[in-house]
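Two complexes, one shared chain (chain A), two partners (chain B, chain C).
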Partner chain A sequence: MNRGGYYLGIDVGSVSTNIVLVSQDGGIEKKAYLRTSGKPIDVLTQGLVDFSKDVDDDEILGVGTTGSGRQLASVIVGADIVKNEITAHAIASQRVVPDVATILEIGGQDSKIIFLKNGVVNDFAMNTVCAAGTGSFLDRQAERLGIPIEKFGSLALKAKAPTRIAGRCAVFAESDMIHKQQMGHRTEDIVAGLCTALVRNYLSNLARGREIKGPVMFQGGVAANAGIVAAFEEALSQKIIIPQYYDVMGAWGAALIAQKAIEGSALATRRNEAGSAFRGFKNACARYETHSRECGGCSNNCEVIEISTDDIVVARWGDKCGKWSNVHVSA
Partner chain B sequence: MDGMIHYVLMEQKPEVSRRAPNITVGLARAMTYYEHGRLWQNFFTQLGCAVCVSPETNKRILENGVAQCSNETCLPVKVMAGHVLELAGKCDTVFIPRYMSTARHELCCPKLCGLPDMIRLNLRNKVDITEVIVDADKGQEKTRKTLAQLAEKIGVSTKSAIEAYEKAVKNKLNADVKARLAADMEIGTLTDKKTVAVLGHPYMIYDRFLSMNLIGKLKAADINVVTPDVFSHHKRIENAYPYFSERNFYAIGSDNLGCAYACAKRPEVAGIIYLTPFACGIDSLVTEFISRHLKAGREVPLMVLSVDEHTGEAGFDTRIEAFLDMLAPV
Partner chain C sequence: MKITFPHMGNTYIAVKVLLDGLGLDYYMPPVADRATFERGIENSPEFMCLPFKTIMGNFLDGLDHGADTILFGGGAGQCRLSYYGDLHKEILHSLGYEFNYINLQLNHLTYKEIMDKFGPFIKGISKATVVKAVTESAWTVFAVDGVYAKAAHVRPREVKHGSADGIMQHFEKRVRTENGFGNIRDAIFEAKRALEAIELDPQANPLKIGIIGEIFIASEPFCNLEIEKKLGNMGADVYNTMSVSMWIKHHFINAILPIHGKDHAVEAAQEYMHIDDVGGHGVNTIGNAELMCRNGLDGIVHIYPFTCMPEIIAQSAFHDIEKKYDIPIMTLIVDEMTAEAGYITRLEAFTDMLRMRHDRQKPQSYNVSRSSRAG
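Coming up: the complex of A and B.
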């Protein structure tokens, strides 16, 4: 690998944990897309062990974390910036297509739409509690139909007469699909119908009648699904750009934001001694224990999560009042 | 609905007991408390009653309220029920005013018009509830009548109840808007600093639990926060009505609408966050009108944050962070 230092970007999501190593020119040198499988700490540390084979501690100039597990990742790795997914995705997309106007993102359990105007985020929306139309639901349906998820999209493209599926709710969509199967509809038609229904649901829930201007980018794990891509292109009557690193855009954005923050602070030349909060691969890959308990200090009964390594508490969160999370903890 | 109200009122005919006037009256820290709590506190204190106010909303209050209320009930009313339960055993009666209208030609949300009944029905009469009707559009008659009933119930003269009420209204009118809210519920002022307007019902935006401390979080991010209370009611209505030439809107809707329109004219307002409880009928219309109005004029970023009893704080915070990033691009 070329010498000179890298930035680490980490996106801990509900379904996937993504890590990227970004060179100083902003390009991706190495990436990992890992299934979180409900064990974010294990998956993240295993991923980091793999990265430590290619890069040394002192080559890491800065670390950025994002995703729903961004606080957790920040504690483990030692992050310079902790950013929300919306901003991270927008930054990475703009690097690929500087004049991108709309970003569609569908991940494992949530989906987002981001509108940009004159190079800045102008509006955004995220799905609510309901995970209908996200990767998890597609996974489940592929499994039920006995189709590997990787082939789900290409199967949809073979449909000649897509079946109309109710996509408003995942539960109803599933019973509707079962009904259509029993009526004798072909599997590829049902799969294509599902893709169309999910896109319809996404656009009505997130875009809510807003004009979708091009260039449009589509990223997140579901962007690998050719059936969904085709359904978007048809619904929006325009070409959709799928970036090369569609599955790790959040992590890339986090790394780019970290780079900007570190370079902006004029500490870049001083490396880790003062520049980055990075704890080093060895420290980051220690064994972690998590405990959760109800505080009981007041009627809120907050569930407090405690993360420790070698019996030293490194972080606590979950309380509303700050009684636990504000306690000074030594790393 | 009418029939039901009559039925409940008949059934609830207050028993006339000549107790000592210094009984304890419970006030729920929910719904109209955030606007008129001080008025009623003042009223009962004048009559020699002790007043017990429920604590700030917490998880137990929310869970108790949710468990007691029918599923269709809106979140703030569920929380109200939780507060009333919290007061059970701590007071002789819980006072719930029935707000029909607070100004000429204005109507209150139907949930306020039926609040004492909804709480009685959802709590299955577990808690004694006392009410007074406020209907400014129709005049003072109903208020006087219900004040007389209240006076009889708590054992004071009708005259003293009416006098205490008039005095309390006057005291409240004399007090400035800040005084009627708890001291730390700052409503902000419009300054040159980057400002975000937090709109919504007072019982949403000022309830630190329901709002997930939205105002506090914005302040921690060094944002100047203003709420609809930064403008007078008159100013808000004035701003709302050029758009709605007919006065056909619920008062709280006009308040938020007028505030949004007023904010849209102020360049220091960098963004607007509208906090709405899931399933609020009024907000569903008002937020739509606001977003259309903002699109037509100076494009002020607007984010509608919807919360219900299941809302997780992580997703809420992500949206706030992303919204603030949008106002100050990285």
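Coming up: the complex of A and C.
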């Protein structure tokens, strides 16, 4: 096996698209945290162009994708493993802290809590019907208050008397914040109050009374927010570990899972020399077009999505019966 | 007279057999139809539960296709099901429809009620015909559930992925278009034979996952986003307690026959909820979770429509059950706005987790060294 080989991990989320290059010992060699901005394909291909400057196609031993856009990313790049975010985050966290017991993760549009026991995921929860307290909401509030999101957290730490904010619902939280501003509360107090409210909301919605044992890790884009971290430490009365690569943990986990799958299976006998389904940087960075239409084949009228490059269809999905997605399409 | 009826899972197959057997004229709304589904949502109160909206869509479609009689099985319990009937009627009347509405009170169904309500339909039909049609229909219910259970057994074990799904797709297409007991029975036998012929992997070691919750959602693939199929294809043996045959047995057979067996689920629930009814199937949900844990399943998926009161009550017992058996229960709440991507992520993460827990139980030495480190 190529000693200089790497594994590629890709996490396409609602807010950010993250790419990491992982060496064979599992460490991160290069990472990119990019804003998805509603254009996952463009952002991903641009990110890959940047990576292709540092590595060659034959150095990529395997690819793993995760995140809400994992299916899309897998088609574009050619992935060996397509995994959900929960498993990916858990694997990456265990690499940093092997006996991690609780993982708090707050991303752009969803938040999760993962409990581990004896080295495996034992329980997890994801936010159900509401996005209050996720990254997008914080982004919006920072923008409304005219504070750059990067400074939002440190501002919260300056608060002397955090304001009480109604945090159960994003809509109510926002109107409550406006009300408190008009009452003359200081901005840093309001920001700190919001952090506390969001943490309270997160814990009551996701942890639901389950015991939060240490070590506790906190990751996802929101882990950069010092105000939220402080609020968590206060609520849980314990130190929270923020991993160095907190913002790309999902992508890292995907790469590690791909590595495990490639090394541990007979995949190598079926695929190209390196044993990976990777399509190569040049193919991956081609121009992609997506079309959607209603099938009309039966009363269910599934919305079928078709992804093509150079007029060749590379993938289809969205149908329930498999009429379209099962049709073998070659890249 | 032309009858129409709402869908719930695969009940339509048995209802067709019954109505065909009696020689009655009827119109069956299309199965899993997006357009009628959306019409139902448009014409229902927003915070009403999903089953109501789905059924509403079926009624509207049926009445538009010339039906003048609606056949519905409601209830008189503590949940909103008890005013489904009245509310459906009010809304349809206000939309200008005229129809005859037959609402069977399923909670306390008696032989007398069945005869009173069905009397006018079977006037002039010989007793022998009625008995034959009812018997054939009852057989169909159990046979169809048998086919679905067989498919659930095959999915995680089949060598060629998708074999069971292909057969079930063909089976569903056939029973939707065929009429009469003979043809439906042939379709059932054909599917059974085909499923039995699928090559299974003797090494397969599927996870065991149970499904509990609100019966309409748990048994209707269109509403539960084909949960049985999805879990099966993720490598799990799926045990769905909320099957149509259970429902028929519960409401019809127990009502007609004088034998009343013990309800094991209700009995098992008493440890957590000292009451025999919280509306809907809430108590059954708790009891079924307890029974599944006793039987050593790997995990349980609890599914219900957004705002369903009995299931919200049932959910409160899970904390104790999970603690007692260390078996995870994941709750999924669905409504017309459920995004499939998030739904799949949860199911996938859940099966992944169960797989890891399952595998952990094997290598002993690994287990010990891990726990000592964690301590």
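Here are a few things to note about the model shown:
Convention: the second predicted complex is superposed on the first by the 319 of 331 C-alpha atoms of A that agree within 3 Å, B and C clash if a C-alpha of one lies under 4 Å from a C-alpha of the other, contacts with A are read in each partner's own complex, and residues count from 1 in each chain.
By definition in this document, contacts are C-beta pairs under 8 Å (C-beta built on N, C-alpha and C of every residue); 3 or more make two chains touch, one makes a residue touch a chain.
All figures in this text were calculated on a predicted structure; none of them were measured in a lab.
Following the overlay on chain A, a clash is recorded for the pair chain B and chain C.
Contact with chain C, but none with chain B, is seen for A:99 once the two complexes are overlaid on the shared chain. Comparing chain C and chain B on the residues of chain A they touch gives the larger count to C. Of the two partner chains placed around the shared chain by superposition, chain B and chain C are both touched by A:301.
Of the two partner chains, chain B and chain C are each touched by A:124.
In the superposed pair of complexes, A:68 makes contact with chain B and with chain C alike. Contact with chain B, but none with chain C, is seen for A:260 once the two complexes are overlaid on the shared chain. Contact with chain B, but none with chain C, is seen for A:91 once the two complexes are overlaid on the shared chain.
Of the two partner chains placed by the overlay, neither chain B nor chain C lies in contact with A:10.
Residues 68, 83-87, 120-124, 126, 128-129, 299-301, 320 of chain A contact both chain B in one complex and chain C in the other.
Partner chain B is touched in their complex by these residues of chain A: 68, 83-87, 91, 120-124, 126, 128-129, 257, 260, 298-302, 320. Chain C meets chain A in the complex at residues 30-36, 162, 165, 169, 222, 226, 306, 319, 322, 328, 333, 341-342, 345-346, 348-350, 352-353, 356-357, 359-360, 367, 370-371, 373-374. Put simply, chain B touches chain A in their complex at residues 55, 58-61, 209, 213, 299, 301, 306, 310-311, 314-315, 318-319, 321-322, 325-326, 329-330. Across the interface of their complex, chain C is touched by residues 68, 83-87, 98-99, 101, 110, 117-124, 126, 128-129, 208-209, 299-301, 320-322, 326 of chain A.
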